[in-house]
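Got a structure for you, questions after.
The letters A, B and C name the chains in turn, as written, and every chain counts its residues from 1.
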Amino acid sequence: MSEELHDVRLRVNGASYDLRVPARRLLSDALRHDLGLTGTHVGCEHGVCGACTVLLDGAPVRACLMLAVSAQDQEVTTVEGLGNADGSLSNVQQGFAECHGLQCGFCTPGFLTTITAGLRDNPTPTHEECRDMIAGNLCRCTGYQNIVKAVERAAELGLETPEDGS
Amino acid sequence: MTTKLMGQGVQRVEDQRFLRGQGRYVDDVAVDPATLHAAVLRSPHAHARIVDIDVDAVLDLEGVHAVWTHEDLTGPMAEPLPLLIPHPALTHGRTQYALARDEVNYAGEAVAFVVADDRYLAEDALDRIRVTYDVLAPVVGIDAARAADRLVHDDVPGNVGARMEQGTGDAQAAIAKAPHRLELDLTVERSACTPLEGRGTVARWDPDSNRMQVWTSTQSSTGVRAVVAVKLGLDLGQVDVITPDVGGGFGVKINHPWPEELLVPLAARTLGRTVKFTEDRREHFVSSAHERGQVQHIEVGFDDDGRLLGLDVEFWHDHGAYTPYGLIVPIITSTQLLGPYKPEVYRVVFESLYTNTVMVTPYRGAGRPQGCFAMERTMDAIAAYLGKDRAEVRATNFIQPDEFPYDQGLIFQDGRELEYDSGDYPASLEKIKALVGWDDFPAFQKEMAAVGRKVGIGLACYVEGTGVGPYEGAHVHIETTGKVKVATGLTTQGQGHATVFAQLVADELGVRFEDVEVVTGDTRRMPYAVGTFASRAAVMSGSAIHLAARRAKEKVLKIAADALEAAEEDLQIVDGVVSVKGSPGTALDLGTVSVLSNPLRYAFDEASKAATQFSVGDPGKPPVPEDEEPGLEGRDFYSPERATFASGMHAVIVETDPDTAEITILKYAVVHDCGRLINPMIVEGQIHGGVAQGVAGALYERMAYDENGQLQNASFMDFLMPYVTEVPDGIDIDHLETPSPLNPLGIKGAGEAGVIPSAAVFAAAIEDAERIPITAMPISPSELFHLRQEHTP
Amino acid sequence: MKIQGSNVIAAPVGEVWTALLDPQVLVATIPGCERLAATGEHAYDMTVTAGVAAIKGTYAGTCALADLVERESLTMRLSGAGAPGTVEASVAVTFAEVDGGTEVSYDADATVGGMVGGVGQRMLTSVSKRMAGEFFANVAAAIAAPAPAASAPVPTPSAPGAAQVFGAPVRASSPDDFLRGIAVGAGLVLLGVVAGSLVGRRR
């Protein structure tokens, strides 16, 4: 017996993909294995670590807790879609590079998407708000000190650079 | 003059791909519909005999390519996995089979191996396999192991895998004669590395070249290569192991081979397909490795100043169901327990015990946290007994700066003498006291008490033997483009090796940092290596890379001197250009030197024409001089006589809530000495990460086994890994540099430093706040609450 | 690899013995058998399409019956090769009259090579047991309610005594008829599994 497949159109980072997947295929697995967008990582598959965080219509969600079929008609943004059109790093990515906000890099995509959404909603966070913004993501390497700094630096850079990249 | 990169916080090259989501971790390899996926059926019981395995129901699934049990393994694959580090004291070492043969000894042990079109189908198959077990009562916990009412392995009496004693004399006699005596009984609970990325292996068998290619998330590429070759009956030369990007290791990935690291390559060859296995989080909890669990009994004799006259330590180490990593962890506890101190007489004995739980292999610190806990609690107890300042009692026992090298009279985990090469403990102590405000604290404590707040301060010192051997090696190749390709065989799990090692090469060779590319953990590029553990990468590979770069430079200068008709001593290399000092017109770029180093018959581009037979060379001499090789390469190895000793001190100020017993960190200070720093930004990052794991280990993390050997908190929901909210908001760090005399750059390791003294420092601070003896870690608010009740008169 | 088992067929020993020696019955009852050609007395070339899990394929092989002791025992030697791998087996078959019919017991010693060999011993044992069960159920059905006639032997004009070839019976267009035939053999535990797998499986 083989599984029933469902047609779903995913819009990821501005591009459309037509997939035929079983109902139980997780969004994280669809992104990684069906679309080859392996930047979204799976750390726990139970929604706690946040490594799989993507933006769904701009809001952070755990891709490991979603079925691919339920992302139909929604805009998905993964880490691969955060950089600027010319290939340069976004303010959030740049903040991480300058502040040594990553070590092994495995949790990083989840932080980047979360913070991108967080700074979009609050471009001038206080120190406490910066800590709060990342309080739902696990990192085992950095001990968070430099991630907090990266958020603060990203906010600074975000205020320096206009949104339209001009 | 180019600025040297040694000591600079250079931004990491790795970040460029990680930040774009272009890292290549093991599950990102071979993402292809043709790749087959494996899943493992694991024992649900902690101790049981396997009666039958019925796979009939799997036949009705589509997409299943294999279901293996132990019977499908033949030859070396059917034998137990290797015991990696044998030791004479490990009289009863045991390792598991790649798939359980007749018996399972921990819940999580691999029983059957399934390969299917995708992981979902593979797991469907797992659900349909019916195993009949004859469940046996398990042995759980050190007390049960010691009591030995039941045995884990029938042929291991008393559940004792090893008993080992080391010492410098009759400690009991020394204690008996001492003016003062104390006894302590301490407990440290089990925890685990839990990197964000679990284990995984991908393998491809290439029938055209008869080669096996393995990608695996490991800390030792050469270790895995050797065992895959042996177990699969291949020549070493037929096996390539490539370490992909690794999402954290912290020790757990040094153990090898995991059953899957053998089963996946075997399946790849048998089925003629690329096969992949990546574990899920639950599997990591129940089938990788844990560490830390010990029960300790300390007896100490001391004088009026608190000088240690006799120290006698006995401890019981829980190593789980198997001992693949030998006795490394308890040996490290035994030896590193001494820290920066010099007791007159020391004796340590331990028993390493079997339990029906996940096996124990190193976790960052690898036995040092337990040893530091024992010693630092003892120091605090002595200070309390004598009514003395805790820093002063420690200072009294320090090895002094002029006493190095100091031989502690023991054998270390590398089989060599425990001899400290360098350090300055009194200077570190002054720094930590200043950093945390040690002398001002008593007044602060009184102030807080006056308004009903409880605060406490703790201090802990440690010494860490880093850079253990046997060796590491490096290969440096300057290509005709002027780009420098560097390879070293140990592996990377986030430490920024590609950046740090490029800094060293740029400095030594005089090339631009951007032109250096470093590869780690690929046996095709550097097949002689040991691995990443014991904070050894900077020391071992750093030194080897420095030496290899120097060899390459020597060759550059030789060839350039000849080509420029100058003396070698008059040459300099700056930004990849060799020139005569003070005469910038006479110059040769490294790419050209590389061309010249390899006499050619056939040109392949414009530049290479210069090296062809009619263009260059003395017809009266051989094109490649005797004792020389073509090409611009340098290869060298670093193999020290012993480890080099880093050290450090941590201090913490905590507040405990009088009602809820919640523990808040007010200040965390670190002074560390890891010799000369290559990249201070990266070293600090290591300290931050270590402190976070230390805080977690002191306050939050434990492995909650029930009496049936079931791990009750096998997920991030219940195993309390810290978020940002659990770590201190800011860590005050100060450095001391006592360069190592044992390697050319004076480097010592820093990777584990942050986590070693944490249990000790938190126990001390909480005890100081509460005036209740803290003898077991970790401690949670509810445990503190109950302790308070127990101690209320 | 060793596989043992037994099945009870609700028919007297004599009928079971005769059925198993009849190539027309064999081609209709061996699971996946497409073609059976007699090459000698009790010796056949066969084409069988069978699969273990995802490894399905067609095997060309031989089957020879030997050591015949009428109504008591025989040895079946099988040999096959195909894309999925190779099979060599020697099966000792014994017959015993029991209450309710005939108990046919088999004791097989098999060597499986190639990709099929990689699926795992227990998978192979399970599938062998299933196929044996299917086979004996088919035999019982064939005895109880004769299956549609095998297509008549095709005489080759050239040589006299040429191999007789038995094609698989023209199966009823709907799988239900086939199933009905199988369902006749009541009391066989494996039936439910066999029926389920045949409905679900693509051959």
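By our rule, a residue touches a chain if its C-beta (ideal position, glycine included) is under 8 Å from a C-beta of that chain, and two chains touch if they have at least 3 such contacts.
Bear in mind the structure is a predicted one, so any value in this text is a computation, not a measurement.
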Exercise. Hey, what chains does subunit A share as contacts with subunit B?
Worked result: none
Exercise. By count of C-beta pairs in contact, what is the leading chain pair?
Worked result: A-B
Exercise. When the C-alpha atoms of subunit A and subunit B are each averaged to a single point, how far apart are the two points in Å?
Worked result: 29
Problem set entry | For subunit B paired with subunit C, centre-to-centre distance based on mean C-alpha positions, whole Å | 59
Exercise. Roughly how many whole angstrom separate the Cα centroids of subunit A and subunit C?
Worked result: 57
Exercise. In subunit A, what residues contact two or more other chains?
Worked result: 1
Seminar exercise, completed: Two or more other chains are touched by the subunit B residues 60-63
Exercise. Tell me, which residues of subunit C touch at least two other chains?
Worked result: 200
For this session: Quick one: which bits of subunit C touch subunit B in the complex? Just the residue numbers, please.
Result: 52-55, 115, 117-123, 126-127, 129-130, 193, 196-197, 200-201
Problem set entry | subunit A-facing residues of subunit B, complex | 9, 11-12, 14-16, 18-25, 27-28, 31, 60-63, 118-120, 193-197, 245-248, 250, 280-281, 493-496, 681-682, 684-685, 687-693, 715-717, 721, 723-725, 727, 729-731, 754
Seminar exercise, completed: Within the complex, subunit C is touched by subunit B residues 53-56, 58-69, 71-72, 116-117, 267, 270-272
Problem set entry | Residues on subunit A engaged by subunit B in the complex (per definition of touch) | 1-2, 22, 24-25, 29, 32-33, 36-46, 48-49, 51, 78-80, 83, 89, 93, 96-98, 100, 102-109, 112, 127, 131, 134-148
